[in-house]
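The structure appears below as structure tokens.
Labels run A, B, C and D following the written order; every chain starts at residue 1.
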């Protein structure tokens, strides 16, 4: 099958390779001419036979919006745009509507797999009309892992990104779970080999998982993680998961705790704990520590 | 190798079978004569050649204490007691001291595997002196899963149960993570097939795990879990994990949130939310709901 | 001073009374003709001398938007609209812009005080340009409590509602704090008179507050709150506080926990705890409870 | 009335003064001879007429235990020991039993008031048998604030310290509530005067309280708390509150979040966030930050 692919960065570049390995014809476009197969989106559209399929794999938000705007003018009725980036699910309906006015179909695809996807396949969570999604099956089959899992048509437009967002929310809390357990084990004297405890858990336990395997890799490289700072970014999906939970009055205590732990990890000093310290000093005369200059 | 096994319930019975399948000679004792190989602990000790090894697999707390007390009088210097139950790690040091006064060795073993252990092997986390643990290796090898994982000598006396306790704490938060994500997906309209979303996650995703596989099994049996009440017991290790964290000033927000969610799940009505409702009514005249009769 | 007041419900009606008691001339409008001083907003505008001041005190969201739309056409350049409802701070900038196109000034006012405001005064948090806010001082002075506190010009347009929103977020966590403590005291046998414990705290303690006084009132009416269901609504500001925190990467663990406790209090059965129960059953054979028919 | 007072530090010294101001005869003992009225506990007992009352106001744990051990030998049947320190409620029953063997009565008193107690009075939460507590009323009346509040006989032995412990748990969450709100207000640009917002809240709002007054004092001294480090100790009662909640299966999400925030505030770098950073790097190639040397 023929497909256009916009965005050839770490993810998009590997996806082009995996699609080509599966025998598909990929026309890639990137603003970096060294990565790009074509000069611009007009040429990309010209190189594809109708009905065209174009996979957008660029940063969520303004960049995705701009690419979709441009595709609105270069694509034709009956063509399909797939947004495979980390877009917020609330953007999908807007994009579907904008493209729909020009007769262009829209499908959203949440993609998991990170740096391991080229080799193992990408898990795909897809949203859109059944008649829009079904013709894309050969593309999804090439990208997904082998075997019965790793692909789902989750529901209407937006459902793919929504499912991927929840996946990431769960991921936040699972990482936090291992991290909390690791810190506690490292803290006590009686446990003398925390890395080997983690390694042993990889079989026969209730908590075995791919993330646990990765934790062992990380500990093998740096047994007490002394080289790292306890500083974690968050990439949008965790925040959106909590916002979706608030919209739907669903309590998410563990996922939210994981998000807040990341926020706190990025603060040099905690403003709120300054206030707690100040209050303790006010009522109890408890000592405070001076801020560092 | 020869071993005595006290407690032949769901766990102990399967462990006897797995040990015998591996060629070990197991003398089992249980208060239920239909399960027991011997009449009492005296006979159990008589049937074992010195130095004896006795694995205790009975409920933590009073029952374990009672068995260890009895073993103190029937065993001899140089013999070894292994506590494989779900004892609190703080009990281990006491047991080691009591038995040590009689020259009897003590080793603690945290055991994971549940109903799947007979077939897949039990993950073992062991605490004790190296010269006490090493001679027991053939027993541990028979119980553990095949392959390089599933066994660790975690540290001093108590370290085995401590590691198992933290394992369970992590387990609580991982289960909570999937549960929160599942509830959110079930709540929104755009995602029309939550079970298939979970199934798809089993390959290629960051959150693939054995627990996720079990979640899919559960959803296959009851797609929306309509047959179940949202009611979850907790079995000690989760509480002890939080207590250990408090003792060590380690923040465990996700694990603790998971424990509290279980507490709340068992309340018919929430006393604290009665107070919140009462306060809202007091200052804002907000409506309250009457308790059901 | 002369002022128009749109919305004469529980809050607006009392505010009209308090303003009149202070000697101001209030022209009130409400869709309920029995409450209203005028037939419509045109008449309201006619009855006021330029430059007019109109205080809007109607439900946030669509109703407030509609009133502001209508005021855009009946007011004149130099007039001022004050939104005293519970609007989201993000709406304020939009309203200021819309009205500003017609030369009409916009000021937002967060109002606290509930059913006690008529008697004690309303705490006011105001946002807007200094030259728009200053001429309104006589109105604010009449509404606010006597004494040096209860009024602040918090900052630019939106700052009033933002400050009020944070006030409510803090309120959620304070209520939750008392509620958690109360439940724990009620649970233990050794404390035989929890109501008297709460009553005693009203002087000399670190936790004395108006909310504590209200808690004692509530316990005096119903010592163990047996007449109430543990069910608490939330009214928007708590959710917006958490959303604002997420936008600003500020961790709010206690406020968010309080919001989630309210969400959970409204669930007949907890979907997420069904999943936890299902998982425990899968790996450990733990008993589950059937959902009630 | 006559009373012995052991421990004349910040709290005990002020209590001696307040008791003497009320006309009571206080014999104080402290290991610091400059503060002490007597040379030792034997002399203290000699100076008091039977039945003696001795108030112990020393650090909880080993020091309190040691003083109670010594009092066991110098006091006589019918005498009363009051433990007014911050003892864990679980110690009270032990102390009551030890003293009871010698016919000595035991009463526990949780004391709140900090540095303000000398002037405003101390809130007292008392546990013990009614016939042991009632004769002490003149002492309690002298220490408590004027007016109807500030004293409660909460229940059996231990109930006083339990009630005080819960008071402190609530205090943790209230401080956290204000602190979270303050950080959020400080973070946004539209609110230009956070200190004045806090000041305004002191009247007419739902969240007015003594702690809020103290927050304003603190902000008056240091508007943005720039001189302080965001570092907060915890003093035992917060931890015990969470442990009591776990023992009683009571969910305390806000209080526990407040305790954990303090733990985190004291960490130079967060071990658990190192693990989260390591995992993000493993699966996504996300950048990590190097630990500082």
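Here is the rule we use: contacts are C-beta pairs under 8 Å (C-beta built on N, C-alpha and C of every residue); 3 or more make two chains touch, one makes a residue touch a chain.
This one's a predicted model, so the numbers in the text were calculated from it and none came from an experiment.
Between the contact lists of chain B and chain D, the overlap consists of A, C.
Taking the CA centroid of chain C as reference, the farthest chain centroid is that of B. Across the two interfaces under comparison, C-D and B-C, the one joined by more C-beta contacts turns out to be C-D.
Chain centres here are Cα means. That of chain A falls 37 Å from that of chain C. Distance from the chain C centre to the chain D centre is 33 Å, each centre being the mean of its Cα atoms.
Centroid to centroid, with C-alpha atoms defining each point, chain B and chain C lie 46 Å apart. Shared interface positions of chain B, defined as residues touching 2 or more other chains, are 114, 176, 178, 180, 183, 187, 206, 211, 250-253, 257, 260-261, 264, 272, 283. Partner chain A is touched in their complex by these residues of chain C: 206, 239, 242-243, 246, 249-253, 256-257, 259-261, 263-264, 266, 272, 283.
By the touch rule above, chain B contacts chain C in their complex via residues 10, 114-116, 175-176, 178-180, 182-183, 186-187, 211, 214-215, 217-219, 222, 225-233, 253, 261-262, 264-265, 267, 269-286, 288-292.
Remark: chain B residues 89, 112-114, 117, 120-125, 127, 144-145, 147-159, 162-163, 166-174, 176-178, 180-181, 183-185, 187-193, 196-197, 199-212, 241, 244-245, 248, 250-255, 257-258, 260-261 touch chain A in the complex.
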